[in-house]
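For reference, chains read A, B, C, D, E, F, G and H in written order, and residue numbers begin at 1 within each chain.
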Amino acid sequence: MPNFTWDSERNARTGIAEAVFCSGKCLADIQAIIAYHIEQKTPALLTRLDTQVWSALPAEQQDKLDYDPVSRTALLEFTPPAELKSGIAIVAAGTSDLRVAQEAARTLLFNGFAAPMYLDIGVAGLWRLMDQLEAIRQHKIIIAVAGMEGAIFSVLGGLLKAPIIAAPSAIGYGISEGGTTALHSALASCAPGVMAVNIDNGFGAACSAVKIMNQFS
Amino acid sequence: MPNFTWDSERNARTGIAEAVFCSGKCLADIQAIIAYHIEQKTPALLTRLDTQVWSALPAEQQDKLDYDPVSRTALLEFTPPAELKSGIAIVAAGTSDLRVAQEAARTLLFNGFAAPMYLDIGVAGLWRLMDQLEAIRQHKIIIAVAGMEGAIFSVLGGLLKAPIIAAPSAIGYGISEGGTTALHSALASCAPGVMAVNIDNGFGAACSAVKIMNQFS
Amino acid sequence: MPNFTWDSERNARTGIAEAVFCSGKCLADIQAIIAYHIEQKTPALLTRLDTQVWSALPAEQQDKLDYDPVSRTALLEFTPPAELKSGIAIVAAGTSDLRVAQEAARTLLFNGFAAPMYLDIGVAGLWRLMDQLEAIRQHKIIIAVAGMEGAIFSVLGGLLKAPIIAAPSAIGYGISEGGTTALHSALASCAPGVMAVNIDNGFGAACSAVKIMNQFS
Amino acid sequence: MPNFTWDSERNARTGIAEAVFCSGKCLADIQAIIAYHIEQKTPALLTRLDTQVWSALPAEQQDKLDYDPVSRTALLEFTPPAELKSGIAIVAAGTSDLRVAQEAARTLLFNGFAAPMYLDIGVAGLWRLMDQLEAIRQHKIIIAVAGMEGAIFSVLGGLLKAPIIAAPSAIGYGISEGGTTALHSALASCAPGVMAVNIDNGFGAACSAVKIMNQFS
Amino acid sequence: MPNFTWDSERNARTGIAEAVFCSGKCLADIQAIIAYHIEQKTPALLTRLDTQVWSALPAEQQDKLDYDPVSRTALLEFTPPAELKSGIAIVAAGTSDLRVAQEAARTLLFNGFAAPMYLDIGVAGLWRLMDQLEAIRQHKIIIAVAGMEGAIFSVLGGLLKAPIIAAPSAIGYGISEGGTTALHSALASCAPGVMAVNIDNGFGAACSAVKIMNQFS
Amino acid sequence: MPNFTWDSERNARTGIAEAVFCSGKCLADIQAIIAYHIEQKTPALLTRLDTQVWSALPAEQQDKLDYDPVSRTALLEFTPPAELKSGIAIVAAGTSDLRVAQEAARTLLFNGFAAPMYLDIGVAGLWRLMDQLEAIRQHKIIIAVAGMEGAIFSVLGGLLKAPIIAAPSAIGYGISEGGTTALHSALASCAPGVMAVNIDNGFGAACSAVKIMNQFS
Amino acid sequence: MPNFTWDSERNARTGIAEAVFCSGKCLADIQAIIAYHIEQKTPALLTRLDTQVWSALPAEQQDKLDYDPVSRTALLEFTPPAELKSGIAIVAAGTSDLRVAQEAARTLLFNGFAAPMYLDIGVAGLWRLMDQLEAIRQHKIIIAVAGMEGAIFSVLGGLLKAPIIAAPSAIGYGISEGGTTALHSALASCAPGVMAVNIDNGFGAACSAVKIMNQFS
Amino acid sequence: MPNFTWDSERNARTGIAEAVFCSGKCLADIQAIIAYHIEQKTPALLTRLDTQVWSALPAEQQDKLDYDPVSRTALLEFTPPAELKSGIAIVAAGTSDLRVAQEAARTLLFNGFAAPMYLDIGVAGLWRLMDQLEAIRQHKIIIAVAGMEGAIFSVLGGLLKAPIIAAPSAIGYGISEGGTTALHSALASCAPGVMAVNIDNGFGAACSAVKIMNQFS
């Protein structure tokens, strides 16, 4: 008997379908969860599914998974709706932050949203932001991803009417290793309207954005 | 000449009127800011205005200030609109968290929102939450305030469709002194849809909620 | 001559048989300890015995070990008593916490106790806890295992008469990496009757529970 | 209307009567809570009631409070039962730890237990412990209080069959300021059967001990 | 005999006259140092001279001191040269950072430099920076002072040819209390050419700027 | 389409050509960046290019890269000018610090500077420093690299007129693991004129030195 | 009955007479301890006796105490021997470190040692150290006191045959506030023969030196 | 030309021969250092020489090295004197601490000392210490090695006249991972005469002991 119970009612209760956090789970448990979803034909989002764990899955399970190695996410028994919803944009400071930005994008997709991604919008090159500012302004909610010193969170918060969901990325070294500096920058922002989720938590940033959007649709 | 320039256009740009963060400012600068607003008849919100600083202000300035010692906020040249907007609720884990909950409430008022406050909604007494759950569910956005271990953030996130803006409170001692444990609990929450602002940042939680509401009105 | 002396009297003195903490010990020392126990026919519990160390042991020693890779524990020269004692339950927030929950269960077994395990009892899905609450209530002492934000410790402490021994698990990332957030949540719990052991210390949680049970039998 | 609701059913549910954590509460709220209890004639334990707050209470409330400045606790509308229960001992490393030890003793009293206190049982003078060892051994559960390096937790854990509830005390300076070193020593103890509560949490240590005792009576 | 020896040759050796760090020194020692300088007619800069210490000095010493309470600095036996050197600018994020900015300005003055100060140049109001950018660009070296999240360090580093000496200010609360977040932002800056001195070290920032200028004059 | 936009105007704006921080970027993105530069014939500096990533590049790209495994840097489409500029020296405490010192040297080269390197100038052997002091004194700016306790930063600051750019190195273990102790020593230096960049940030130290030199040429 | 037992045999056992750590003890307990010593005519050393506590003692107790406010120590019923032993020197980086250096000197005196004190021996002024080097070299053991970055510990360790007992001092601000940077510098020293005691622990440094000296006399 | 200079005069100056800290050095540099010593026939101690680095050395260099994988030390061109000096003992809490204890023993040997090693002297089994106490008491100086909570440092300090040099070992997990808890326990010890070196610094503990012994011979 597999070591899990599926929270099929979570969607009804919170508006967010339950996802499977694969980190720390043994291969057997992950396989059992996948088999359950295939059998039940219920869609699932798997996060933190490392490439080596994915590679160890049986081929017939791999075939069923839409796997993305950059974000380490997999979609299972999932067909996106014909029309995706809009209103959310993802802004990432550098290409090194793609891991997190992509996890957010995939989670949004799983919840029925298409979100344009604005890359390389760092503070060291402010004009790149200025070039895209009008396009970014068209969205209701901004998910911002940045590592290092995370200065972009405050800059965006000071320029936009949209609330900023800051997803700090564990890109950095020395004093900023692990993403704490970027997280603290988001929390200590002198610009109002900046909220933070955990470091590397693209999934959580997307869920928060979805919950907001769903409250007003 | 006073040491400040007033950002009168911030409202237009970000939808949030600039507030005056009084902590670290000397008395003379605070007085100059107040005088400027009285002269210009522009409304202002002063935060982190400690009681002893307030007491040191000249009586004619005190008279103009609607001061609340619990939240250490003052409203200046401000008349609330005839009809306040709704959609935001404040949930606080204990009466010790009133400082922060009240700062959020006053900031909401300054931005035109009335927000009911649900107090003493702690995890050690879960049925209190259950008693109020239906009432809390009627709101679009929840500002949750808690110190100690901050378990209420996850409990609310798991029970509600509304996004949770967690405002950790610096209530605690030993390992939770200063509010870090509550903050970390919000960030590490296993329930999706929980976002955090800085410890004791009732002002920032309210601004985030206002920015969200304004995007959809 | 092996680099160790066996504390055969510890059982008499503290009621807990000495275990072998294998982490940091070189292979030769671990082999010597195993050989000693086989020779003396004295039962032993080995903890933190990594799979690769276990694999490097000679086959004849492997045969003598009842090894569990999830908890990294091995039982040696041990036959459980015909009738196991009861009174202790293990509650784990997610399947990712099995490593720790299983270490506790195996330590309990080695000390003569059978403990039912309640899995996937997280705060994001409170009704799962509610479903099992009556069953959990039948036990004298609860060992609770959780990573992330560890909110379940407080929820259990507020609902049960039983004391909670919190064993935080190093499941998490970003701000909760390494288990500190879960540990701090246990220590800062606003619910009385929550005690903590070190992160990932399923062994210590079980020893504490055994010591309590033994005092009253 | 006072800012609180009283959890009168907590006793029924968890076996521990709710206490009032006064830290962070404003004077008006504390007064309202006291008045409520006097009116309802329900016993209450107030913790973290600083001497200056106590001094600011109206004389008629002070008269009703059995206040102890060392532990900063007050008993209200409380008459101890004719016969107090036994089974718990308090061991404190130094007289500087009295604050915490006394908070534990008063909480035990409020829950119907009398607990002998063994003072000055530090590691630097091991024979003091040896002198008292036989007396200490007569108790089912030991609450141990120590600051500095907290070595006594491990020494007791290695010598006794009783479980040790370690209550680290914020006595120390430099690297041990705030009690973290003592707390970490308890958590990292190489002796099995040591559990920890938060720094300075004599109240929590006592509640845990009471919950254990109540499970077996 | 006073507890000090004066390093009169430091100026010759490092190009920076020795200053007196008053924090932690007892009143008697500070008085002796002042008396020595008055007697020797050698100029001195006193830093971290708290107002209450200054108030406790004998009136005849106070008269000799050019004391500034905001920066807690005093100049003694010092006459600025007829013509002050230029090339250094001070940029401060908010008026709360004046303490540090002023310490830098006074140290520059003591070393023969006049530095214009640009205040309220925060990231939440980027256009204020843009308004002053041309003026700021005229200087060889920029001393930047900011607390909170310190995003301005990176913004300046990305816009200017001048090296940025970041002096983080201990303005903030919660996660940014004590200035660590601002310091880490400076160190982790994604813009090249940002160097940091210790939190609140306006003195050190100024000395570094002076050493640079002196190398090229 | 590659996931990047090249900041070709950065040089004009800040005087420093943009470099490519390879850490966290996937192989495909790094290849695209290299291809772009080869095509455009624009010089580039790649930093944090790990040997295993370099080995995975196609041979024709490897041939175009001047790669140095010690500093993990690569120069691309770069021909040093006939005459390199001088004025900067690099002082390293031990050979273990070569990684960082070399990253600084290569960055200086890419910006047109030749910098002599003084190795093994530690505090435990002060006479080695004394032997080289006159030679070191001939430079305008000193980049100092040290791990462990970083005492050399203060010693140099007290002996030289040149400003010291401290680049702490992540050499150490136990309490100094990761370089924080060396960084803190630089920041807390009692010698004026010491500025710090992030741990292991030889690139940033060099950029700061270049920006200074360029301001005065 | 006073809350203490006197460890009169400690001297016999460890060679160090027990001292009274007054921090955290209530006035009544301190008075009882003093009274006991006066009655028994046994010498005592009181440490961490704050001036305000000392001022609150009855005049007849004050008269019996040889109190030093800088080190916050008091000697009681103590007459120094006619001839004090030598072999230990105290080196302090600045006059701000006197608090700690003096605590060491008074503890040495109480144990029969006279120790010369070398003040203002900081790294920023290396020649002061050089001037005194020959004198310092005459001692068997060096107690070194420094705050800030504590570079002097390594410099002394590299120049002397004597072992260095580093007593870090809580002098500093920002990143070095509380003395941690100085402590870490001592522990991470690249010079062999440097040992550390806790921050501000002049008492412990002296006891260690005395224990060493006593082993060889 | 190799990247190093050999400090052949260190022995004369500090009484301790220079050792080679191999961590962070590249293979080529280590080979050059070994070749230099073979050529010069000067003895050397190599520390932190990982087994894989040692394996990569040319066979003719391996033959010249007396290598010990447990302590990762190698002796080169070294013949111990006919008669080794005594006076120092090594006490280790568990066999997991052998790495550090052995590094100390090998460093002592290189400096001409033989030191008996007392293993498995932990606090959880106090009688083991008592059994060996008389033997341990015969030594002038004790090097104590322990990880976890490091309680043995205080126990030894309270029982012995000898000074204790505490070498914390990075054995532990969760809150004690990396050895910080053991280090803090040594520093915060309530027993006088305990000094600490860095975590895992068996080399430094031995050098300190040698420096002490040499001062008195």
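FYI, a residue touches a chain if its C-beta (ideal position, glycine included) is under 8 Å from a C-beta of that chain, and two chains touch if they have at least 3 such contacts.
It should be emphasised that the depicted structure is a prediction, and the values quoted were computed from it without experimental measurement.
Using the contact threshold fixed earlier, the set of chains in contact with both chain C and chain G is D, H. When the C-beta pairs in contact are tallied for A-B and for F-H, the bigger tally goes to A-B. Work out the mean CA point of chain E and of chain H, and you get 45 Å between them.
Centre-to-centre separation between chain B and chain E, using Cα means, comes to 34 Å. Per-chain CA centroids place chain A at a distance of 56 Å from chain G.
Distance between chain E and chain F, defined via averaged C-alpha coordinates, is recorded as 27 Å. Annotation for chain B: residues 94, 124-125, 157-159, 174-176, 180, 183, 187-189, 191-192, 198, 201 touch two or more other chains.
In this structure, the chains touch in the following pairs: A-B, A-C, A-E, A-F, B-C, B-D, B-E, C-D, C-H, D-G, D-H, E-F, E-G, F-G, F-H, G-H. Against chain G, in their complex, chain E makes its touches with residues 3-5, 7, 9-10, 21, 23-26, 29, 48, 168, 170, 178-180, 183, 198-201.
Residues of chain C that touch chain A in their complex: 70, 94-99, 119-120, 124-125, 127-128, 147, 171, 173-177.
Within the complex, the chain C residues that touch chain D are 13-16, 19, 140-141, 157-163, 165, 183, 187-189, 191-198, 201, 203-204, 207-208, 210-212, 214-216.
Taken in their complex, chain B has these residues touching chain C: 93-94, 122-126, 148-151, 153-155, 157-159, 172, 174-176, 180-182, 184-192.
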